[in-house]
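There are two complexes below, and they share chain A, which is joined by chain B in the first and by chain C in the second.
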Partner chain A sequence: MKDAYWPLILVLLLAVGFGVVAVLMSTLLGPKKPDPIKLSPYECGVDPVGDARMPFFVHYYVVALLFLIFDIEVVFTYPWAVYFKKLGLFGLLEMVVFIAVFLAIFIYVWGRGALEWE
Partner chain B sequence: MIVAIIVVAVKLLILFAVLMLFVAYGTLAERKVSGHIQDRLGPYHCGPHGLLQPLADGLKLFFKEDIVAAESDKILYYLAPMIAIVPAILAIGVIPFGESITLFGRKIDLVVTDINVALLYLLAVSSFSVYAIVFGGWSSNSKYPLLGGLRSAAQFISYELILGLSIMGVIMVVGSFSLVDIVHYQKSMWMVVYQPLAFIIYMIAATAELNRLPFDLPEAESELVGGYHTEYSSMKFAMFFLGEYANMTVTSAVAVCLFLGGWYSPVSFLSWIPGPIWFVVKLVAVFFFLLWLRWTYPRFRYDQLMVFSWKYLLPLALVNILATGGVMILFGGI
Partner chain C sequence: MSWSQLFFYVFAVLAVIMSLMVVTRRKAIHSAIFLILAFICFAATYIVMNAELLAAIQVLVYAGGVVGLIIFVIMLVKAEEDEVRQTHGQWIIAAFIALILVVEVAFVFLGNLVQRTGNLAGKMAQAGGNTEAVGLVLYTKYLFPFEVASVLLLAAMIGAIVLAKYKLER
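For the complex of A and B:
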C-alpha cells in the first residue's frame, strides 16, 4: 500500500478523539469545589499584582520574523535535496549560490545585532 | 477495501497501545533512572520495584479536581492540553517498525501507511506542539506560564529550523522522503556513519524541541515555578506530560529510522531476531540517552541557548549540506 493517504484520517480521528476524551473525562470525574483563592493565578502565595498579559520583550518578535525568512529557504532546499543525485554537479553549484545568498542575509542579520540576546 | 481499513485500524491500535506503554513506563523510567543516578531507589512501593506506579498516577490524576483559573481564556485553556498529545499520535502514522510480513496470504507492511512525503509530514505535525505550550502559557492569565510560553515559542522555532536543515543530508543521500526507503537504504550500513554531523545536530535540536534538559527553559522549575503548565491541574496537567513523553518516544523512533538503521540488526549473525524487536531495542537506547542527558548536564542560560542555535548550529548544518553534496559528487554517490 504505497502512497495511501486515507489511513492518516484514521490517525487524526484517534489523536483528536484521545485528546478530547481525556480532557473531558477529568472535568467530569473530579470533584468541584471552586473558591476565589483557589482559582486566582499563582504568584508564589501573594495576591496577584496587575494583569498577567503584559507587554513582552520585542526580541521574541524578531526571532519569529527570522524564523519565517530562514524557514522558507529551508523549504526551498527540500525538493533540491530529493533530486540531488539526478542534478549532480550542476545542482551542487546551484546550492552553493543559494547558500551564499542565505549566508549574505545571515551575516547582515548578525551584523545588525538581531542574534544578540540582552 | 473493508479488509484494508481493518488492517490499518489494527496496526494503528497496536502502535497506539505501544506508544501509551512507552509513555506510561517512560515516566516511571525517568523517575527510576533519576533515582539511581542520584543513588536513591526511585518509586518502589506500588507493585514490585514500583512497576505499577504509572497506573496509580494515572488513576489519581483522573480523580483530581479540575481547576479552571479565573479570567483564563477558556477555549485556549481547554485546547492547549489536547494539542499537547495530538502531534505525537499523528506521527505514529508514518513510522515503519519492520519489514513487510505475509499473514493469511495478505502482504502487510509494518507501518500504518507508507507515503512518499513521510518526513515532511512528520516535520509538519511536530511543529504543532508549539501551540500547546504557547496557548497554555497565554490562556492561563498568570505571569510564569506566559514567560514560559514565550520562551518556548522562540526556542521551538529556532531549533525547528536546525532540525529541518540537519535531516537534509539524509534526504540527499537517500533521495526520498519516505521513511521506509530511508530504512531500506541502511540495510548494510547505518546512516550515522555517512552523516555523523547531521546525527549530532539532529539530537541536539530534538532535545531542544522536546524541552528536555539541558534545554528545558520553558519549564525551568527553579525560576518559572512550573512554566507553561503552572495553572493546570488534574488530567489537563497530565496531558502535557503524556505529550512530552509521547514526543520523546516518537523523536527517538524517528532518530532510529533516520540514522540508526531502523529495524535492521547491526551485525549479520543476529539478523534472525525479528525487525520490530531490534526497532524497540534501539528506541529504548535512544530514549535512555535522553533520560541520561537530563540528569547529567545543567540548564543553559536562555541567551546562550538562542545564540547557540543561531550562531553555531545553523552554519554547521549548512556546512553539512554542502559537504555532503561535495563528497557525493567527488566519490560518485554513497
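For the complex of A and C:
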C-alpha cells in the first residue's frame, strides 16, 4: 500500500466515526416521544400511498444495462490512458476500433427507441 | 505486523462479514446493499495489494454497475411475500458445489500455481502498480480478446433489448 492512501483512510475513519457518533448520541441523549405523524416516512410531506414493492417498468433494466456496458468501456480506457504515449498511433487506432463498436451499440439502442421515455 | 497487513486483515474480515450478510438476509434488497459494501471491502484489499486498477474496476463496475442492475432486477420481479424463505432442497446441491470450489481454491493456493503467477504480479506491484502492467499486455499481446470484449458487450445489449421487446409490438 502506498503512503498516498493515508488521507483516504483518514476520510473513511472520519465518515464512519461521524455517522456512529451522531446516531449513538441521538439514541442516548435525544428525548423519545413518538406519535404516528412523527414516525411516518415523510413527516412534513405527502402521506405514503400503497406499497413500494410493485413491479417496475422494464425500461429501467435496459437503462441499467446500458449504464453497465458504457461503464465497462470507461474502465478499459484507464490502462490505455496510462500506457497511451508508448503505444503511439497503433494504440489510438485500436481504441478507435474498440469505441466504434460501442458507438454501434449506442446507435442500435437509440434506433430501437430504448432511450425514449413514454 | 505492518500497516499494510493490518489494513488487509481489517478489510478482509469486513469483506467476509459483509458476504455472510449477503447470503443470510431474508430481503433481497438488503442483500444487494450488503453486496455493495462487500465489493467496496474487496476493493480496499486490492488497494492494499497495490492493484489499483482492479480496485477501480471493483468500485466502478461491480459496486456501481452490477449491483445497480441487480437492484433493478429485484424491483422488476414482483415479490409475492416480503420475506422469501427457501423451501426446496437446492441447498444440498449448492453446498456440494461450494465444497468443490473450496477444494479448488485450496489446490491453487497450496500447489505451485500461486508461486508461479504470483511472482509476476508482485514484481509489477513493486514497479508502481498494475495499471501500466495491464495496459502493457492488454493493448499489445491480448489485443484481439480486448476487441472481442466489445463485441461481447454488443451481444449483451442486443439480448437485453430483444428480451425487453422494445418497440417490437409496434
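Methods note: the second predicted complex is superposed on the first by the 91 of 118 C-alpha atoms of A that agree within 3 Å, B and C clash if a C-alpha of one lies under 4 Å from a C-alpha of the other, contacts with A are read in each partner's own complex, and residues count from 1 in each chain.
We adopt the following convention: a residue touches a chain if its C-beta (ideal position, glycine included) is under 8 Å from a C-beta of that chain, and two chains touch if they have at least 3 such contacts.
Since the model is a prediction, treat every value here as computed from it, not as a measurement.
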Is A:36 contacted by the first partner chain B, the second partner chain C, both or neither? first
Which chain, chain B or chain C, is in touch with more residues of chain A? B
Considering only touches as defined above, state whether A:71 meets chain B (first), chain C (second), both or neither. both
Touching A:96 in the superposition: chain B (first), chain C (second), both, neither? first
Taking the superposition as given, does A:105 touch the first partner, chain B, the second, chain C, both, or neither? second
Which partner does A:5 reach: the first (chain B), the second (chain C), both, or neither? both
May I ask you to decide whether A:58 touches chain B, chain C, both, or neither, giving the answer as first, second, both or neither? second
Touching both chain B and chain C, residues of chain A: 1-2, 5, 53-54, 56, 59-60, 64, 66-67, 71, 74, 78, 82-83, 91, 102
Sites on chain B touched by chain A in the complex: 4-5, 8-9, 12, 16, 61-71, 78, 81-87, 89-90, 92-93, 109, 112-116, 120-121, 138, 140-144, 146, 150, 153-154, 157-158, 160-161, 164-165, 168, 171-172, 175-177, 225, 230-231, 234-236, 238-239, 242, 302-303, 306-307, 310-311, 314-315, 318, 321-322, 325-326, 328-329, 333
Residues of chain A defined as touching chain C within the complex: 1-2, 5, 9, 53-56, 58-62, 64-69, 71-76, 78-80, 82-83, 87, 91, 94, 97-98, 101-102, 104-105, 108-109, 112-114
Which residues of chain A touch chain B in the complex? 1-5, 7-8, 10-12, 14-16, 18-20, 22-23, 25-27, 29-34, 36, 38-44, 48, 51-54, 56-57, 59-60, 63-64, 66-67, 70-71, 74, 77-78, 81-85, 88-89, 91-92, 95-96, 99, 102-103, 106, 110, 115-118
Spell out the residues on chain C that touch chain A in their complex, using ranges where they run on. 3-4, 7, 47-50, 53, 56-57, 60-61, 64-66, 68-69, 72-73, 75-79, 82, 131-132, 134-136, 138-140, 143, 146-147, 149-151, 153-154, 156-158, 160-161, 164, 166-167
